[in-house]
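Comments concern the structure below.
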Amino acid sequence: MTGTGFDLDRLLNTLAAWALALLWVLPLAYAVWTAFHPAAFEARFELLAPLTLDNFEKASNAAPFARYFLNTFLLVSLILAGQFFLCTLAAFAFARFEFPGRTFLFTLVLLQLLVMPDILMVENYQTMRLLNLVDTIPAIALPYIASGFGIFLLRQTFMTIPRELDEAARVEGASFLGVLWKVYIPLAKPTYLAYGLVSVSHHWNNFLWPLIVTNSVDTRPVTVGLSIFSAIDSGVEWSVINAATLMTSGPLLIAFLLFQRQFVQSFMRAGIK
Amino acid sequence: MKADAFPANSGKPIQLETVSRLWGETTAVDALSIDIPAGSFTALLGPSGCGKSTTLRMIAGLESVSSGRILIGGEDVTGRPSSKRDLSMVFQSYALFPHLSVAENIIFGLKVRRVARGDRDQRLKKVADLLGLSQLLDRKPGQLSGGQQQRVALGRAIIGEKPICLMDEPLSNLDAKLRHEMRVEIRALQQQLGFTMVYVTHDQVEAITMADQVVLLNKGRLEQAAPPRELYEKPANPFTARFIGTPPMNLFPANAFKKLSTAPDFQLGVRPEAIHPHDGGPLVADIRTVEYLGADILADCVVAGTSFQVRLPTAKPVAPGERIELGFEPDALHVFDADSGRRRDDLVAEFGTLLRS
Amino acid sequence: MKADAFPANSGKPIQLETVSRLWGETTAVDALSIDIPAGSFTALLGPSGCGKSTTLRMIAGLESVSSGRILIGGEDVTGRPSSKRDLSMVFQSYALFPHLSVAENIIFGLKVRRVARGDRDQRLKKVADLLGLSQLLDRKPGQLSGGQQQRVALGRAIIGEKPICLMDEPLSNLDAKLRHEMRVEIRALQQQLGFTMVYVTHDQVEAITMADQVVLLNKGRLEQAAPPRELYEKPANPFTARFIGTPPMNLFPANAFKKLSTAPDFQLGVRPEAIHPHDGGPLVADIRTVEYLGADILADCVVAGTSFQVRLPTAKPVAPGERIELGFEPDALHVFDADSGRRRDDLVAEFGTLLRS
Amino acid sequence: MRDFTFKRDWIYGWLLLLPALVFLFAFTHIPAVTTFLNSFFSTPRGRRPAKFIGVDNYERMLGDPVFWKVLWNNLWYALGTIPVSVGLAIVMALWVNEKLTGRSFVRMAYFTPTVLPLIAVANIWMFFYTPGFGLVDQITGALFGWPASNYLGNPDTALNAIIVVTIWKEAGFFMIFYLAALQAIPVTLKEAAQIEGAGRWTIFWRITFPLLMPTTLFVCVNAVINSFRLVDHIFILTDGGPDNASALLLFYIYEVAFRFWETAYGATLTVALLVLLSLLAIGQFFFFDRKVHYK
Amino acid sequence: QAVDLQFYFPVAVGGKAAETIQELTDAYVAQNPDVTIDAVYAGSYQDTVAKAITASRGGNPPQLSVILSVDMFTLIDEDLIIPFDDFLTTEEDKKWVDGFYPAFMENSQTGGKTYGIPFQRSTPVLYWNKEAFEAAGLDPDVAPATWAEMVEFGKKLTKKDASGNVTQWGVRIPSSGFPYWLFQGLAIENGATLANAEGNKTHFDDPKVVEALQYLVDLSTKDEVMAPGIIEWGATPKAFFEGQTAMMWTSTGNLTNVRDNAPFKFGVAMLPKKEQRGAPTGGGNFYLFKGASEEQSKAAVKFVQWITAPEQSAKWTIATGYVAPRAETWETETMKAYTADFAPALVARDQLEFAKAELSTYQNQRVTGIFNDALAAAITGKKDAATALKEAQKQADEILAEYR
C-alpha cells in the first residue's frame, strides 16, 4: 500500500502505540535508573544525578550469582528440552490421531493448566525424595515438564497446518514420526519460539519450588539469590534490588532483543502462501 | 524428451470394487467399480464436485473407504496407510512444504527413503531440467507463481519413480502452451517409465488427449469408462454425450422435428463439428451469435425452435441474423432412450434417413 | 441470461503509464503501458510468472507501484487504497472468508456499504441462482469443492455492480462445461452491465473468446495488445505467434527450406490448422505421432528436418510412419525478422510464392 | 479393515501420549487426587494423625467469611484483568504487526513484563504506589496537584492497584499469541475485504477479529486461569491486606496451607478452586470450541 | 567420621547476613574437623518455615534451623522440634541458657522446656529526624517520651503545602504485613499482654488493647500526625530519608541502613511510654529438629553455643544490626568499640529491660493473621477498634480452645 500524503490515522496509531510502550517500559526504565544511581536518587529523578556501579557490586556480593546463572541455564534448558519433547508428541497425538479416550485425556491435560504445581509442593517433595532427587536440578524441572499449556498450544498450531501437507508427506513414504519431524515441527517453529520464550521466562523467574527442593549453591537458580533482596526487615533498597533484577533478567532481555528479529522473521517465513 | 534418462519401471494394476464414500448424509462416491490396468493412463473426468478427488484420495489411502475394497497389484490395500502403498501423488492445492526450498521439496521422498546423496542430486537435476525449475531450486514455494508451484509438485511426484502415480488436476494453473508441453511430457514419461497413472481432471481435452482410458463420473457414480475415442464417438448416455467434446453435442428431443414427431421417446444428438454448411441441407438455421475461436467459428443458431451450436470454418464468415442451410453425415447422429438414457445404435440409420429426407 | 435483472452501470477506463514493479532484484512488471477503454473486456494473457497477477494487483491497489502511474476514470489513483478505488476482484486463491457462510461471503461488500437488507437479499438470490449456489448458501467455504469455492468468489465480485471488475484466473478450477457456460455468462454480464473488465488468464482460448482486447505479457513486458482476431491473424512477433493458437504456430528459420536459403535472416510461421493435405503440395511430411482430439487429429511430423504440427480432419486417418503431402494458402504464411522479431507483412507474398513454387 | 486402521491410530495415539501422561500423573493428577482425599480428613498435627471428618472442612469453608471475601475479590479481579488485558493484547498485536516507526522498541516494551521476574517487578510497583514520593504520586502531584494517595494501603484501591500490575504483566504475554495468529491469516483475505470497500475497522471487526477467535478463546482460558493463579506480586505489594481486601483465593490457599499449615483445609479450598476453574475454563473451552473453529 | 549437619537460615536484613552466617559456619567447621555443616539459605522467614516443614513432612528435615521465635508453638504442635534441655545437662550449660536476656527467652521456652535459642533478634525503636525537629522548633536531641508527647510533637512536625497537601508527617508506624508487631509495642506500653505464656489464650479485647488501638487510629484520623491507611513497612525507611515523616517506628535491624542513608542527623530512642515503657521482641531462634541422630543434635547444640558466644555474636550484631541476645556480648571489646562509635546501637539493648515476648500462640500465623486483619480493619476505618478486636478475640478463642 503506498500511502502517499499525510495519514492521520497512521500517525494517531503510532502515537498511541508509543504512549503505551512508554508506559509499559516504565518499570524497566525505573529499574535501570535506580540501578545506576546511588540510593538517594531512588525517588528523585534529576538528570545530573551521579552514576555508579556500586549497586551491582553490592548485589553480586550477596550471592554466588555466576554459579546460580549456570544452574538456571541448565534448569531452563532441561525444562525446555523436556517440554518440547513431551508436548510435541502429545500435541501431535491430540491433533491428528483418533483414539478412544481422546477427549477425556485432553481434559486431563487441560486440568493441568488449572492445577498450580506450587499447591502440590508437599506431595511433590515426597515424590522427589522417593526418587532420591532432592537438591538436584532435575527435581526442579520434573513437575513442569509435561506442560498442559505447551500441549494445548502445540495442538492448536498443529491443527492449523493444512492436512494436504501431512498427506503429501505420507504419500512420499514418511512414517508418522517422519511427518511430525519433517512437516509439523518445522511449520510450528513460530509457536515453539513463542512458547520457548514464555517457558524460559517463566522458569527463569520461578522461585518457591526451587527454593524448597534445593539446598546447595550447586543447584539453586538465580531467583533464590535474588530473593535475598526482597521481603526484608530493614526496608526495601530499590537500587540494589533493581541492580540485581537487571543482572538476573538481563540475559533474558538481551536474548529477546537479539531474537526478536529472528522471532518475527520466522513468523513471516512460516506464513503459508 | 529427456525422460529416457530414467530407468523403466513397471506399473501395477488398481481395482476398485464397489467403493463408496459417505460424508455424513452426502454420498461423494457411490458404489464405484473401476479396473485400472497396469501401466495404463486412466483419467478420472467429471464435473466439479462429482467425487474425482475423493476417489483419488481413497486410492492414495488418504481417505477411508466407507464400503468396498481397493486392490493394488492384486493385493487388498483398503486398510493400508498411504506411506505403504508405494505411490506418488500431485495435489490439487500443490501441498508444497512452505518451509522447504524447491529442491528440498522435490527430493523429500528420496530423503525419507534414504536414497544416496549422489543419486538424489543427479535425479533432482534431471527433474529440474525437465520441468524448467533449475533456476528456482533455492526458492521457497511462497516465492513462486502458481504455475511454478505446480511444476514443483509435479517434480516431487515423478522423481520417486513409483509404480503408481496419482495426479489431481496437476495442470490446471499452467498456461496453454506449457500445459500442452506438460501434457505431452507427462504422457511420454508415463509411457516410458511404465507406471500406472490415475489422473484427475475436469478438462475433457486433457482426458481425451492423454488417457488410455477415461472414467467419467457424475454425482459420485460411474457414467462411462472407455478409451477416449469410444467416449467421443459412442457416448453411452446423454450425459457423456454432452460432457465430452467442446462445444458440447447438440441434444434435442426427437419430436422437435416434425418428420420425427412419431418418435417422442428418444433424444437425438449431433456434434457441432459434424454439421457443415450444405446448401439445401436438411437443417435450416437462423444464426444468433458467432464466437471467434481462431481456427474456427462457433455459431449459435436456432433450428426448428431448438438451440444448436455449429462449428464452421473461419474461411466462411457468417453473421448473426443470417439464415444458412446445414447438413450432416448419416452416421453422425446419436440416439438415446429418453427415459433410460441408453444409447440406441440400432436406430441411428432409421432416424438419420428420416431426418435427412 | 438472467443478468438482465441487474441495472446497467457504466464502466471506467484504466490507464497504466510505464508502470513497473520490482521484487528486490527481479522485475515482475517492466515499464508496462496499457490503455483499457471504459466498458471493455481486456484479458491479461501470458505464460506462468509473466507478471499478470502483479499487474492486476497494482490496478487493484494491493501492490505498490515501483514507478509509473495508474489512472482510473482519468484520475491518478496510484497512491489510493484499494477500498477507495471502487472496483471488485476475484482472486486466484479465492480468498473466501473461512468464518463466513457462502451467503455472507457474497454479500460482504454490500454489508460494508450498508445496502438495505431487502435489496441485499434480492441480489443475493439472483447471484446465487445465476451461479448455481442456491443450495450451498449456508455452508462454510471449507465444506465446498474447489470449483464451488471459485463460484462463490465470482458471486462476491459481481454482486457489487462496480464500474470495474478484476478477475485473476477465475475459471481455472471449473470443469470444461461449466467453464464454457461461465465464460458466456461473464461475458454477457459484462456487456449488459457495462463495467470494465480486466481478466487475467493463462488460457488463450478464454482470452480470445471473451476479450475485446488481449494484452499479451512475457517476462513483465508487453508483447502485444490487440483484439483477439488481430492477435491470431497478425501476431506482432514470434512469441505472440507461438503463444496464441493451440497447437501453436509452426515456426522455422527460413533457410530450413533450400528454396529460401538465400534469406537466412527471417523466421517463418504457419499455423497447424492452415495446413491441409494436398497431394503434390509443397510440404512433404513424415508423420511421427498422432494425437486424437475428438473432432480433429493432431499430427506431429517432420518437414525438411523441422518439426511441424498439423491439424487434420478425423475423417482422413493417418498413422505414424506414413508420409503425406501438404499445402497451405499463400496468405497463411507469417514472416518475422530473425533479429528484432518484428512482423514483416511486406515479405509474405514473396516468401509464399517462393515456398509454394 | 477400517477397524484395523483405527486400531493402529489408537496405538500410535496412546504411545505418543504415554510419556506426557506419566509426568502429568506423577506430578499433577495423583497429587491432586491425594489433595482431594485430604479434604475429607482433619489436618494431621504432630502426634494427632489425620482422621476422617467427612464434609466438615467443606462446612467450615462455607461458613468462612474470609473464603467468601476472597472469592468476591477474585471475581472482581477476573473482571478487572481479563477484558482489559485481552483487549490491550489485541491492540498491541495489531500495532506491532503493522509497519510502525520504531516497531522493535515498541514490541520490546510490550514484552518486557513477561521477561522481568515478578518478585522484582512487584518491588518496583511498590515504589510506584508509595504515597508521597512514589512515582504515581509524584506524577499526579506534579500534573494535577493531587494529594498523596495510599493506593495499596486503602482497602478500596488496593485490589485495583494490583489489577493494574496484573494487566501490565499479562497484556504483553497475550500479545505474543495474537501476533502469531495475525501472521497466520492469509493476506488475501484482508485484500479481498479491502477491495470490497472495507476500511480498517470493518476489516478488523468482520475479518481479523473473527479469525482470531480461536486465539481469543485460548487466551481467555489462560486469562481466566491466570486470574486465579497470578498472586506472586500480592505477597510483596499488600500481603493480601488491608483486612484481606486484596487477598485472592489462591493467596488464601497459600496462607492456609503454608502459613497456617492447615493442610486439610487448604486442600478443601484447593478443591473449591479447581471446581470453579474447571467449570469456568473447561466449560468455556468446550462451549466455544465448536463455535470458534470454523474449519 | 565427621557428623553432617544441615542448617537452614533465613535472611531478613539484606545481603550481608547470608555472607556472615556462611563465614561463621566455615570458621566453625575449620576449627572442628569432626563436623561438616551445610548452611542452607532458605529465603525469608516465611519461606524458611515452609521449607523446613515441607522437608520434614517429606522425611528429610534439617537438624537445625533458624525460624521465627513466634513459630515455636506451631513447631511443637507439628511435632517437628525437640527441646534443647536434653543436651544441656551440665551446670555450665544451664548457666549458659540463663545468660540470654529474659525478654528473648520468653518466646523460647514453654512448659519449662527450652525450645529456642535466641539468635537474630530485634526490637522496634523510634527514629527521629533531628533537622526536622529543629525546623519545627523542637529540641533536636529530645525524642517524645510519652504517647501524649508523640502527638504533640507530631502536630508540630506535620507540614502542609499551599494546597493543603501534607508534605511531612509527624510520625510513621508501619502497618503492612505484620502490623501486630509494632502495635504490640503500644499495647505493652498501655500495660496489656496480648497472649498468655502457654500460647493458648489471647487477650485481644482487653480494654487496654482497645485503647492502644484507638490511639493508633487517632494518630491519623483525629490528631492527623500520621498518614492515613495502611503504611508500608518496606518503604518506611525511604519515607524517613525523603523527609516524608519526621519520626518512624521500625526495627533496630534498620540501624545500619539508616546510618548509611539518612541525609540528615537522626536520633534513636526507646518507644514512648503510656503506663510504662515497652516493646515486643522479634526475630528468629535456633531450633533443633526431630529426626536427627543423638550425635547430630549434640553437634548442633555445640554449634549453637559457639555461634552465640560473645565474639561470634558481636560480629553478627555489627554486620546485621540485630540485638546481641546475651549481656556478655556487649562487654566484648569489639562491641564496646562499636557502641562507642555508634551509641544508638545501645538503645535497643537498654529497651530490652522493658521488652515483652512477641505475640505467639499455637497456630500462631493464623491467630496473628486474624489479629492483623482486625488491626487493618480498624486502621482503614472499616470497623471501630472495639468491634474489630472483639471479633478477633472470638475467632482466636475458637482456634485456641482445643489447646487449653
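Chains here go by letter, A, B, C, D and E, matching the order in which they are written, and residues are numbered from 1 within each.
As a working rule, a contact is a pair of C-beta atoms (placed from the backbone, for glycine too) under 8 Å apart; a residue touches a chain by one contact, two chains touch by 3 or more.
Just so it is clear, the structure is predicted and the values come from calculations on it, not from any experiment.
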Exercise for review: Please state, in steps, how far subunit E lies from subunit D along the shortest route of touching chains.
Suggested key: 1
Point to revise | A-E or A-B, whichever has more C-beta pairs in contact | key: A-E
**Study point:** Gap in Å, rounded to a whole number, between the CA centres of subunit D and subunit B
**Key:** 57
Practice item. Calculate how many whole Å lie between the centre of subunit A and the centre of subunit D, each centre taken as the average of the chain's C-alpha atoms. Key: 16
Exercise for review: Any chance you could list the residues of subunit A touching two or more other chains?
Suggested key: 42-43, 121-122, 227, 230-231, 236, 238, 270-272
Point to revise | For subunit B, residues contacting two or more additional chains | key: 81, 93
Study note, to complete from the structure: Note: subunit D residues in touch with at least two other chains are 123, 126-127, 130, 133-134, 186, 258
Review point. Tell me, which parts of subunit A touch subunit E in their complex?
Key: 39-40, 42-43, 58-59, 61-63, 121-122, 125-126, 128-129, 134, 208, 211-212, 215-216, 224, 227-238, 240
Review point. Inside the complex, what are the residues of subunit D that reach subunit C?
Key: 186, 188-189, 191-199, 202, 206-207, 210-211, 213, 294-295
Check your understanding: Any idea which subunit A residues touch subunit B in the complex?
Key -> 162, 164-165, 167-175, 178, 182-183, 186-187, 189, 269-273
Exercise for review: Note which residues of subunit E are touching subunit D in the complex, please.
Suggested key: 46, 50, 53, 74, 76-80, 163-166, 175-177, 227-232, 234-235, 238-239, 242, 244, 363, 365-366, 369, 372-374, 376-377, 379-380, 382
Practice item. Would you pull the subunit D residues touching subunit A in the complex into a rising list? Key: 6, 9-10, 12-14, 16-17, 19-24, 26-32, 34-35, 88, 91-92, 95-96, 98, 100-102, 104-128, 130, 133-135, 138, 168, 171-173, 176-177, 179-180, 183-184, 186, 200, 214, 218, 221-222, 225, 229, 232, 235-236, 250, 253-254, 257-258, 263, 266, 270, 274, 277-278, 281-282, 285, 293
